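One structure is given below, represented as structure tokens, and several questions about it will come after.
Chain naming follows the written order as A, B, C, D, E and F, and within any one chain the residues start at number 1.
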Amino acid sequence: MMSRFIIFGFLLATCSIAFALDPSPLQDFCVADPNSPGKDYISQHMVLFAIFIDVHIHKKVSIFVYAVFVNGVVCKDANLVQADDFLFRGLHLMGNTSNDVGSNVTAVNVASLPGLNTLGISMARIDFAPGGINPPHTHPRASEVLTVIEGRLLAGFVTSNPENRFITKVLVKGDVFAFPQGLIHFQKNIGKGYAIAIAGLSSQNPGVITIANAVFGSNPNTAGDVLAKAFQVDIKVVHQIQSKF
Amino acid sequence: MMSRFIIFGFLLATCSIAFALDPSPLQDFCVADPNSPGKDYISQHMVLFAIFIDVHIHKKVSIFVYAVFVNGVVCKDANLVQADDFLFRGLHLMGNTSNDVGSNVTAVNVASLPGLNTLGISMARIDFAPGGINPPHTHPRASEVLTVIEGRLLAGFVTSNPENRFITKVLVKGDVFAFPQGLIHFQKNIGKGYAIAIAGLSSQNPGVITIANAVFGSNPNTAGDVLAKAFQVDIKVVHQIQSKF
Amino acid sequence: MMSRFIIFGFLLATCSIAFALDPSPLQDFCVADPNSPGKDYISQHMVLFAIFIDVHIHKKVSIFVYAVFVNGVVCKDANLVQADDFLFRGLHLMGNTSNDVGSNVTAVNVASLPGLNTLGISMARIDFAPGGINPPHTHPRASEVLTVIEGRLLAGFVTSNPENRFITKVLVKGDVFAFPQGLIHFQKNIGKGYAIAIAGLSSQNPGVITIANAVFGSNPNTAGDVLAKAFQVDIKVVHQIQSKF
Amino acid sequence: MMSRFIIFGFLLATCSIAFALDPSPLQDFCVADPNSPGKDYISQHMVLFAIFIDVHIHKKVSIFVYAVFVNGVVCKDANLVQADDFLFRGLHLMGNTSNDVGSNVTAVNVASLPGLNTLGISMARIDFAPGGINPPHTHPRASEVLTVIEGRLLAGFVTSNPENRFITKVLVKGDVFAFPQGLIHFQKNIGKGYAIAIAGLSSQNPGVITIANAVFGSNPNTAGDVLAKAFQVDIKVVHQIQSKF
Amino acid sequence: MMSRFIIFGFLLATCSIAFALDPSPLQDFCVADPNSPGKDYISQHMVLFAIFIDVHIHKKVSIFVYAVFVNGVVCKDANLVQADDFLFRGLHLMGNTSNDVGSNVTAVNVASLPGLNTLGISMARIDFAPGGINPPHTHPRASEVLTVIEGRLLAGFVTSNPENRFITKVLVKGDVFAFPQGLIHFQKNIGKGYAIAIAGLSSQNPGVITIANAVFGSNPNTAGDVLAKAFQVDIKVVHQIQSKF
Amino acid sequence: MMSRFIIFGFLLATCSIAFALDPSPLQDFCVADPNSPGKDYISQHMVLFAIFIDVHIHKKVSIFVYAVFVNGVVCKDANLVQADDFLFRGLHLMGNTSNDVGSNVTAVNVASLPGLNTLGISMARIDFAPGGINPPHTHPRASEVLTVIEGRLLAGFVTSNPENRFITKVLVKGDVFAFPQGLIHFQKNIGKGYAIAIAGLSSQNPGVITIANAVFGSNPNTAGDVLAKAFQVDIKVVHQIQSKF
């Protein structure tokens, strides 16, 4: 009975965890905590505790996922922060581009580099197989600046005002191109070999909405008749496209 | 006579300068100036001036567009501001929904209600014909809250994290629904008659990106092979869709 | 004794709850949690727990209110969010206007529509009995845009610079009027019947300060001599007014 | 000679353009320009120009007010900025308190210290005659922190949530008190002699709304019946109070 | 064994504490909580609890420091807030200037005046012994406005653009001087007696980086060869300077 | 002929007016204008105009610098914007590192890539000769994330709280490191060959303050006795260091 107590009490205790992040830093740094629910996994403490109970009371413990969510992620004790908290390794490694679009994005944001928490900046490496594309997408919370490290890219974005103007450029090694916040943009590898780009984004958590997947691959599916009317195609075409996602 | 010229011209010059807008007001109000380049039309002052010269010197004047652009729009002299500057009339009037999507948006933003300049708020009325849709779109600079005044709507938006989750609801008269900033959302009239909704948006210039038009109706067209790969359809389908826009 | 333990321990645990909200969203959405202390009520978990102990230990439990407060409110687990979290029902219903001022405000803000949390927008319906007023007030954290759905209103606000200028307008059905942030404003129903208005506000928690109540109805009362000197009336008049609130 | 005119005119035109201010600095500093319309007076340049023309052409010049308005004020050329642009002199001097309320505010904001432009901070000295009050007012764009240099003050503010709670304190020399943004607050000299306070405000242009003057001293007057109902007094009392302002 | 349980469980519970602060207030006020980890000390609650266990179970309890850190500090229950939460006492008292630089800063920020939390403003008193300096430093999160209460100061700051321009002024009683955000600035007492200044800063937690200490007094020391090259001095000089800090 | 003059002149005048920039975009984009005073050079338009007059009227024209300054930079007409406005070329080229510190920064900010205006993001390439350093500096308006493209770097920054803690790391190819806003940081090439890094910064105009140059190389010099006391060295050492800058 005591153990039910403690588990129950603990369950409540864990319900009381909460975190905070702010777009502008309110101190020198605020390193994201590895136990942050922002990472959606079971608190190591809790697993330890569950095992602890298991061993000592010999009672089954239904594993419960600890999850409290807020606007951002929690920080570590500034006194426990290490240089490694500001470090991400391996951006020189090529991403796996053997997929439908032939590209891969390695994101270095608050989820992979905790020290970026509250700093309003993140980075990404994009690899392109020959002919590969980084499909049309938007970042709801960031503008982007991208430089070509290797290869030849066709890059473009569409403006909302002037309405639906397509601004595009062929980029070669050493070129830097800007993509304004919230606008639909893409890149395509038009060179013979692989291409590599490095991007800076104006948020530690820029977010990404890949248009085709959001519109035709949502779960559950967006009503077909709405998409048929919006894209002015037969509903069969909509279902055909939806079946691919 | 020349001096009247220069004084008059100079007076106009000083009257036709354009200024900046800020997301947070730095004074009580900053009413958008009718001559703001934000509205992209020929300065009345300058046309008057051209005519003035025409009349007095009997010389042809090539009409020139006065256009200066800034991050926002210019304000009027606070002492010349009238109550009418804070007023927009006619939101009770039904919009014309006889179009491909069967809906119409009447936007009350800084372009139509100058007093909203710098206030970070705008409003819209959406009319729906039976079966009409407000097609999937995003507002790059605003969240939205919408209430149904008349009729029955299917509303929904797609989240980016959790990835591509479709959140949808049937809304009836008196329902209020929220659409988070930057996410793709839509409404459809699923009632028998016309439907009316009123929305509040968290910016005086929220912007709108209608997905289908931005992707398939851009000018010039986005490369067909990019869209074919992104939407995983045959390029013929892409061209077919593009031909509609 | 064990139970005192657990209750005490639990009391402390609950003291450790905290939440976060941010004016600009740092993820797609951050739906306010029904257990948020922002709503000032006893945590359901805690009540359950108190009862649980009561039943099992047969000890009296002094009910304690769980309250930890921060700058905003906590969010739900994004994976548990439902469409209903973005929904408020009943804005078509008339509010009860049988009160001293003859008006009623139905606020749709983060407290009543959790999905508005972090979105920087809210909505309100204002009902007016014939002759009813929405008395002079300010919103410390929002500008307002208001449209008349039914009836005839006299609306106005007072500017601080130019000093104390009164900007006023008679509004009829379909009119939209803007009230700049922080300025004192009001509306009065000058029509024969009831009047209805719908407002958008540029914050999920705009706040409201009704001037007369704040000045003459504060608790405890603001020193009478201060108000007498400020309003340049006899202190008897101040006490007379204070007695009404 | 005409060309000198035009060049001179243009030189002035280009010198007398007005610009924008931003809540967060986008460069080291952005010193307010003496010709900024924020100061609402005739451009010295333009007057010079008018006189120049007057003298040379012997034509009457209708004086025109140069007024261009923006969200904030214009900056000087950074290369012309002098140390004096960051300096205000005389805050040690007592203000004249022989007025209805027996107090005087010496404001050091962007209007009197140009270097504060874009810095988000300002200062004020408040002098109180014995029994004098700094009447109930709000700052729409700033919070305030105030320290007593000399004397004994009763200070207070009223909260909006909890509703209309009056928070008050007697302050003596060396006390520092905080007044949250947008809330109605006041101070009263309850000492025998004169009192002095120095305040910091979180904006270069905090603004001030003196409640009594805004409500009863607006121009034109706010409708008496609205105030009578709001303050629950006879309309005669309203007119009596209005007559004082 | 039970007690180990509870202590362990409690330890976990305390690990789950987190707080939030926001640069712009989202309610009237958000008074910093005395138990905020921002103050880095052991939770009184936890000490009480440890003692409680000690007494009742007669088991040693290793004292553990309660520390969870976020972007800002937690608030008190608004209903428990007292006027004293907005009060700091003793700014009229002289600070102890018998130190290497001959000055003392008494800071009134969120750490010493909890009511300043979220208000974006703080204050400081600086005392100078004859010849004392407030050495070159920057505030990473605030601009500063300073007024001389007593004495004669040499004040200055260095701009980054135009590059490394030194802007300086001799300040006497009643002078107010502005220091733009992020720029290196200092003051020196050039009068015969002690000097006093009062400053306002545009953040409740402005932060301070004293250049000499940060560069030559860091822990561990910054590599000497880096500083030697940066300051273009012999490494011996660097070590000599480092030895002083 | 005069009228062509005046029209032409006005056309130019209206084309060469400068406007404001805002940290958050208020439209899709706001491309910096080549005539922006942010670039501090003579308006080509105005020079053309002066020459034009010179030629036609045969009058000497005193060259005048066109310089208007604002909080940010002016934008181009959105309709004249070209893809090239979002493009910077040559970031693959090595910078010249033959200087005192053996490093070179190629900055891609609003000054070199106009399309970054208002987007809140910029990029930089840093080249290091063997043993070269990017000396201790701060960015008053940005955090930084840096990745090593080639070579081996020692990177570090000093925190203000905990006070003067030195956080340092050896970075190899593919490592990404974060430098929080406003903190003093540096990098040193500790490899055998040249090193290359690419950085993202959270502002289109981050600014840079090189500590040694700002403190010892200011113009005019900061008073030697102040620096002697601050750095606790003999004034001779200060003068010796100052002589190097």
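Here is the rule we go by: a residue touches a chain if its C-beta (ideal position, glycine included) is under 8 Å from a C-beta of that chain, and two chains touch if they have at least 3 such contacts.
As the structure is a prediction and not an experimental result, all values here were calculated from the model.
**Q** Would you identify the chain whose Cα-based centre sits farthest away from the centre of subunit B?
**A** E
**Q** Equivalent interface to B-C, which of E-F, D-E or A-B, with over half of contact pairs matching by residue number?
**A** D-E
**Q** Averaged over CA atoms, how far is the centre of subunit C from the centre of subunit D? Could you give it in whole Å?
**A** Distance between chain centres: 30 Å.
**Q** Starting from the mean Cα coordinates of subunit C and subunit E, work out the distance between those two points in Å.
**A** 35
**Q** Residues of subunit F that contact two or more other chains, please.
**A** In subunit F, the residues touching two or more other chains are 2, 6, 13, 17, 19-22, 25, 27-28, 70, 72, 78-79, 140-141, 160-161, 168, 181-183, 207.
**Q** So in the complex, which bits of subunit B are touching subunit C?
**A** So the residues of subunit B touching subunit C come out as 25, 27-29, 78-79, 81-84, 86-93, 108, 113, 115-116, 119-123, 142-145, 147, 149, 159-162, 167-169, 171, 173-183, 198-202.
**Q** Provide the residue numbers of subunit F that touch subunit E in the complex, in ascending order.
**A** Checking each residue of subunit F against subunit E gives 100-102, 133, 135-136, 138, 140-141, 154, 156, 158, 160-161, 163-166, 168, 181-184, 186, 188, 207-209, 211-223, 225-227, 229-233, 237, 240-241, 244-245.
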